[in-house]
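Across the two complexes that follow, subunit A remains constant while its partner is subunit B and subsequently subunit C.
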Partner chain A sequence: GQDPLFIFPKDKLVEEGSNVTICYVSKSHQNNISCYLEGVRMQGEQLDPNVSVFNLNHVAFIRETGTNIYCKPGQGDGIKGTVLFVSKVLQEPKDFSCETQDFMTLNCTWDPGSDTGLLKQLSQSYTLFESFSGKKTLCKPKSWCLWQVAPESQDMYNFTLTAENYLRKRSVHLLFNLTHRVHPMAPFNILFKNVSATSATMTWKVHSIGKYYTLLCQVELYGEGKVTQHNVSVKVDGAHLFSGLEPDTEYLAQVRCANGDYFWKWSEWTHQNFTTAEAAPSEAPDVWRNVKTVQGRCVVTLFWKPLSKPQAHGKILFYNIVIEYLDRTSVSEVLSIPAPASGTELPLNQCSSQIRITASNSVGTSPASVLVVSREPGNEEVEEERVKGTEDGFPLSWNPQPRHVTGYLVEWCEQPRDPPCDLQWKNLGPNVTSTVVSSDAFRPGVRYNFRIYGISTERVPYLLARKTGYSQELAPSDNPQVVMTNLTSHSFTLSWKNYSTESQTSFIQGYHVYLKSKAGRCHSGSEKAVLSDDVVCCKYKIDNPEQKTFVVENLQPESFYEFLVTPYTSVGEGPHDAFAKVTTPDEYSPTLIRILLPTVFCILLIMITCYLKSQWMKEKCYPDIPDPYKSSVLSLIKSKENPHLTIMNIKDCVPDSIEVLNKQEGTRKSLTETESTKPTYLYLLPTEKRYSSPGPCICFENFTYNQAASDSASCGHVPVPPKAPPSQLGLLTSPENLLKALEKNYMNSLGEIPAGETSLNYVSQLASPMSGDMSNLPTNPPEPALCSEYKMQMAIPLGLASPPSSGSSSLSSITLLDEGEHY
Partner chain B sequence: MLPAAGEPAAGDSWGLLACLCTVLWHLPAVPALNRTGDPGPGPSIQKTYDLTRYLEHQLRSLAGTYLNYLGPPFNEPDFNPPRLGAETLPRATVNLDVWRSLNDKLRLTQNYEAYSHLLCYLRGLNRQAATAELRRSLAHFCTSLQGLLGSIAGVMAALGYPLPQPLPGTEPTWAPGPAHSDFLQKMDDFWLLKELQTWLWRSAKDFNRLKKKMQPPAAAVTLPLEAHGF
Partner chain C sequence: MRAQLMWRTLPSLVLGLLFLSTPVMGSCLDKDQELLRQLQKQADIMQRTSMLLNPYIQSQGLDKDGLKEHCRERPGTFPSKEALQRLSRQELLRALNTMLDHVLHRLMALQQDIPKAQDLETVNRAKQNIRGFKNNIHCMAQLLPGSSERTEPPPIGPGTSPSPTPTPDTFQRRLEGCRFLHGYHRFMHSVGQVFREWAESPSRSRRHSPRRGLWKGARRVPLSRGNKRLLLRGQLPR
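Presenting the complex of A and B:
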């Protein structure tokens, strides 16, 4: 041909493991032809410049489409190839076996092994040959074949199974008796008859294998976790009685059969379910009670556990409760509680009673469970003991009772935190003195209380022991809510009365009081402690968990403190967070407050009183118009010194005149008695004829009516005549000169007025009841006692007044004294 | 000449899927495809175009499996043997100017005839396949290709073109001749799949061109097309 390259052999079929030689022949002398086996270049042997061979040893099966071998020259896109078909080695059929179900057909099966089919070669074929009959059949399926049993009742069969492909042939032989190869079909039509609470009869049918053969059937019963097996010989129909069954229980029954004469193989199972009938409950319900007194009446709460399936023997429909009062005064009560209730609350007419509880299903009633309720609460004052829970539960033990008991009972609440309780109980025999209470409901950090009762022969429970504990103690997660009181400069009091030690996550052993201060010193009773954040503080330890107050003392005034109260337990203490802050007050502040407050209060009280009584005060102390009669000065003078001193009546006074009372010093008393009715008036006004001008003119200004004048300095308002001698005016400018002037004028006036004959008696209209002045009045009278009284009722113009004469100096001095000494 | 189908890339299938999703998303928005009354050949052209893209994607998976079944060197990415025994296969490659100058009838007729032949060859391929799974995949693809053929026939009918009648005695067969070696048979299988891929790619171009022609210029939708091969 025109092809420059040829490859041999062309599309060869070989068996796996063969050795193959590939050869190529090139027309041209090309040396750079490369050949590949499945893409991998082959190294061959060049026989001559145009021919090369490649030896392939133990070729392996790669794929059904064959192994590709191709060559291509160095130049050009020409490619030449061949496909080497490598077949798997044909295997001998395995597990060749024949059997019949009905003596009509034989079913022969085998394991064909690997398929040797290729694109070039079909898969291996199978042929069945029987030597006695000389018959042969080609088996289309690769793993089984059907053979028609000869009608002339051939017993012996000798089969040859031959597997064949393009390259190889393999055969296996099998000789057997047909009756020994019977594999019956599965039984059918299973029925259950006469199903009662404890027994049932099962019947079934089998496919006949001929009237001369007996089938052996195997019956199995599954129920309540158990299996029972029975063998039954069957000709046509099978039957078997199941006895000793549980009431109201579902069972599964199954049956299979084999040739009873020559066992070959069991048939397939045929199975069916059935349920036994109900029966009366076999056990009394497990009942417990809780007795309480409500308004003087016993109320019993009954709890019972649902009967287990083997005990209930059917669906419990209701629970019957019969209350019999022990003193026979009340008639018995009967109640029926529908299921699935697990308890009820019963108010009793009388405490002492016996309660019988039974459970009923559709068939009957269970035995009764008896409880006796008595008024006596039993030994309620049993001391509580602590118990340590483990992973397995709470180990509880108690002392054996000297008196006869029918058993013990442990009760506890699985949800002890309010309000749910979920009362649980466990009945124990009379010889048991310890048990382990375990429950999936037990949680770490929850306190469980256990009460152990002994049940007397009269069915009366009495409390034996109380235990409390944690399945696992947890460190407190909260600290008490602390209230701080009595804060002083040196101490304060902490109180956590509301902290319940009972409802914590572990047993509280006491409390630690941490105190942080800047000073960092710890006093006696405390110790230094370093917190997790490296803060050093003082720690006070309280060993009594019921002591819920603490006084922190020895503090510094005006200092900042932080404190924390945390409970400690065997598994640690509460969290060290949320320190409360406090600053102690000043040391003196409380004292000051103690003084200041009452003082301020008193002042306020006085001020309020004064305000309310201001009118009275004003009248008493500084009336607008001084009333001599109301003046206390007068009464004092009168009572102490001069009871005869009288007050001048205004009506008796002549306006604008000075009443001069002349009294003899020595006979003061007589003068007063004899001449007081005729006072002598010194007329000041020049209208009087007796005093022709230039007569003396004395002007008394009443300061009561001129407040402004009275407030100002005395000197400037002294009605000094404009033409007063300069020397006299100059003397008046200073107090010392004034005194001298007074003495001088006083002496002058004494010289002019006959001693002991006249006195100028002046009663100030501004008279204030100054006791000191009063007492001075009689003791320091000016000698000679020249008394004069005045009452100025109107102001006099200065122009009208005559310049003072020397004779009027004494009057002038009196005025000055009045201003300066309140005389 | 139209460029030959390129090499498959890792992200090609995802890109094509995204493209298909985009096409399907925009289908209701194309005004030419939403006209009420007689829709004309537009929708069927669009459907045919979509089908070619779908089959192109489907063939990529099938060809990979089949070429692995044949073994090396047929499953090697750079394998490009001479087209020796596959002369009876309809050629998809054509001069670009010739392709442009094709009228609608001729264009559709060429497509119809090509897929008729290719389908026949493909069924022969299916009969030879040794594994059941491969036979299933090939049968499924044949059914799809039959659908494409019907779709093209529908377009031609809508445009009023008669279907080409097969000449008697020219029914293609895929029986290996006595001189046809198994290696050459594998080469023919390789070329069948490659030519099928090229035809699907060309058909997408053909129907895209037809689609544009059938639509008003303003409503023209340009769909990005990429050359994909195996």
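Presenting the complex of A and C:
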């Protein structure tokens, strides 16, 4: 042909492991032809300049599409090649077997091994030949074949299975008796009859393999984690009674069968579920209680554990509680608590009572749990002991009781920090004196308290022991909140009374008080300690965990200290952080403070008082001088249009002097003589109209000075009885009174004026109606009612009153106030 | 292997969805722009070598150095892009229809050399894609002016293309098949580009006669007598 290069053989089919020789023939004398097998250059043998051969030994299977071998010249693209089809080696069929399920067909199966199919070759084929009958069949499937059983009674079969491909043929043989190769079909139509709480009857059917054959059936029952097995001989229908079953339990029953005469193979399983009927609960509920007194009344909290499935025998619907009072004074109470409640609180009419608890399902009621609540609180004074928890739990032990007990009970809280504490209990037999309480709920660093009770024959529990402990103690994570008091220059007191030793992560053994100071000296009772940060400080040790106060002494005044109180336990002490700081005061500051503080307080008090009473003080100490020109009297005068009346100038008065006139007739007479003035006077003082009769004195009422007096519309401070004669009107009815009043007024003017005596007015000016002739004084009748009082200041007309004498000699006078003291 | 299978399956799924948007054969979209977009997308997917060439190379053991370099398109097997651009729309569609018939015929021949069912499935999917593409070509031809009288889809069955040159041995046949598939993907790439040009200049008119320009400068693929008759009689829209 035209091609410059030829390769032989073309499309060769060989078996894996064969040796193959490849040859190429080149038309031209080209020496640079290279040949490749799957991309790998082959080294060949050049027979002559145009022919080369390549010997391939033990060729391997690569792919179904064959192995590519190609050659190409050094120049140009004239590639030529061939495909070598390498087949896998045909294997002998394995596990060749034949069996029948119905004596009509034989099902022969085998393991064909690897497929030898290629692009150039079909996969191997299988033929089945039976030598006794001489029949042969081509098996289309590669791993099984059906053979029709001869209608005549042929018991023996001799099969030859032949596998064949293009290159090779392999055969296997099998000789057997047909009755020995019976593989029954799976049973069917499983039914359950007469299903009760503890038994059930299962029936099933089997496919017939002939009336002369008996099947052996195997029945299995799965339930409650157990398996029971039974063998049953079956002709056509099978039946089996399951007994001893648990009530209200789901079971799985399954059955399979084999030829009972000659066992070959079990059939497939056929299974079915069924559930037994409910029954009354078999066990009394496990009940425990907690008794407390609320307002003098016993309140019992009952706890019970739900019955387990084998105990409940069905769905618990409710719990019955019967309370019987032991003293028979109260009627029994019956309660029904719907499930799934696990407890209830019962206020009792009387403490001494017996409580019976039962659980009920749809069929019946369980036996009763009996609890007796006693009026006696029990032995609460049992000393608490410590117990050390382990990985397995808390080992608890107690002394056996001399008196007869029906059992023991251990109670504890699984969540002691979180109320409700999840009360748990464990019942133990009467001969048990130790147990290990374990729970997944136990956590390190949590304190668990255990109480061990003995249950008497009367079902009365009494406390035997109290244990407390940690499953694992942890070092304290917090330090107490410390309060510092009584700080002096040499000491201070630390207190952490709110720190609870019960709720810590381990047993508190005591406290360490660390004190840092610049001096770095440690006094007796303390020792030097080096903290983690290499800080040296003094450490005081408190061995009593209940001692929660400590006095740090021997301090230096005006010094800076840092302190820390931390608890220590068997597993370590609290954290060394957050030192509190304190600076001691100097020695004299407290004394000074004790003096200065009250002083400052008093001054402040006085100042506040003065400020609040300033108006009063001003009135008392610096009253305004009344201006006669502004007096209301003036308006009265003007209203009467009496031109003779005018305001008396203060300069015209004799200030600060009072003349006390002796009771003399002359005085009376003088008054009488000045009778013409009476109307004017009385007119000026309209409130004194009743004194229209000649008065013994002239009163100047000063409303500014004595409001009370003005209100009373009388010049006298003491109300004058109506029976009193006009001559006796006035403030003072006798000279003694006058003197007394004056003395009092004088004294008050020097000091404080008693509040109750403010009605005693200061009488500073006296306009005597008499002449200043002292000689006349003795002549005046001894008028005891004669008085002089400073009333409204005004000028007395000359005709009415004599001007005051300028000299003191005219009158025997008593100077009460200095001029400067005159208000 | 799983990823490879997915890589092969995913474009086919997209193509299938594209075909679903086209009604069954004989019922076409009347929106030429939408149809053109579909043809572009189909061509873009069919140009991917992962759809056909790569699985073929792997199954035939041609993925070896010194061998895969020879898996290149022989000049003249498929029209060049320039040749396609010179055709009028009617001529291009007719040429496409003819070439895809030829591809279908070759694919059926290639299937005989593929023993694995998985690889056979790849070829079958490619054949379905080609048939769908041909259907859209038929619809597009109906929408072109002056071709309303022809509504029947182009025939898609075998026998309308010339038989490939007989190769005496499996190796040469295998190599030719690989070259053919390489050319097929290149051809579909060119077709996609031409369709894209159509979309950019919708009113483009015929420039050259297909018979003069289609295989210009290249060896013409011998057409079967039936195909020649097909072209001469104008059974495909002009």
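What to note about this one:
Here is the rule we go by: the second predicted complex is superposed on the first by the 592 of 823 C-alpha atoms of A that agree within 3 Å, B and C clash if a C-alpha of one lies under 4 Å from a C-alpha of the other, contacts with A are read in each partner's own complex, and residues count from 1 in each chain.
Everything below uses one rule, namely that a contact is a pair of C-beta atoms (placed from the backbone, for glycine too) under 8 Å apart; a residue touches a chain by one contact, two chains touch by 3 or more.
Just so it is clear, the structure is predicted and the values come from calculations on it, not from any experiment.
After superposition on subunit A, the partners subunit B and subunit C collide with one another. Touch criterion met: A:I79 reaches subunit B and subunit C at once. Applying the stated contact rule after C-alpha superposition, one finds that A:E64 touches each of subunit B and subunit C. By the document's definition of touching, both partners, subunit B and subunit C, reach A:G117. After overlaying the two complexes on the shared chain, residue contacts for A:E38 are found with subunit B and with subunit C alike. Once chain A of one complex is fitted onto chain A of the other, the partner contacts of A:E224 are absent, as it touches neither subunit B nor subunit C.
Where the contact sets of subunit A with subunit B and with subunit C meet, they give residues 10-11, 36, 38-39, 62-68, 70, 77, 79-83, 117-120.
Partner subunit A is touched in their complex by these residues of subunit C: 59-62, 64-67, 70, 113-116, 168-172, 174-175.
Here subunit A touches subunit C in the complex through residues 10-11, 36, 38-39, 62-70, 72, 77, 79-83, 117-120, going by the rule given at the top. Across the interface of their complex, subunit A is touched by residues 69-74, 76, 80-82, 128, 130-131, 181-183, 186 of subunit B.
The touching residues of subunit A, counted against subunit B in their complex, run 10-11, 36, 38-39, 62-68, 70, 77-83, 85, 117-120.
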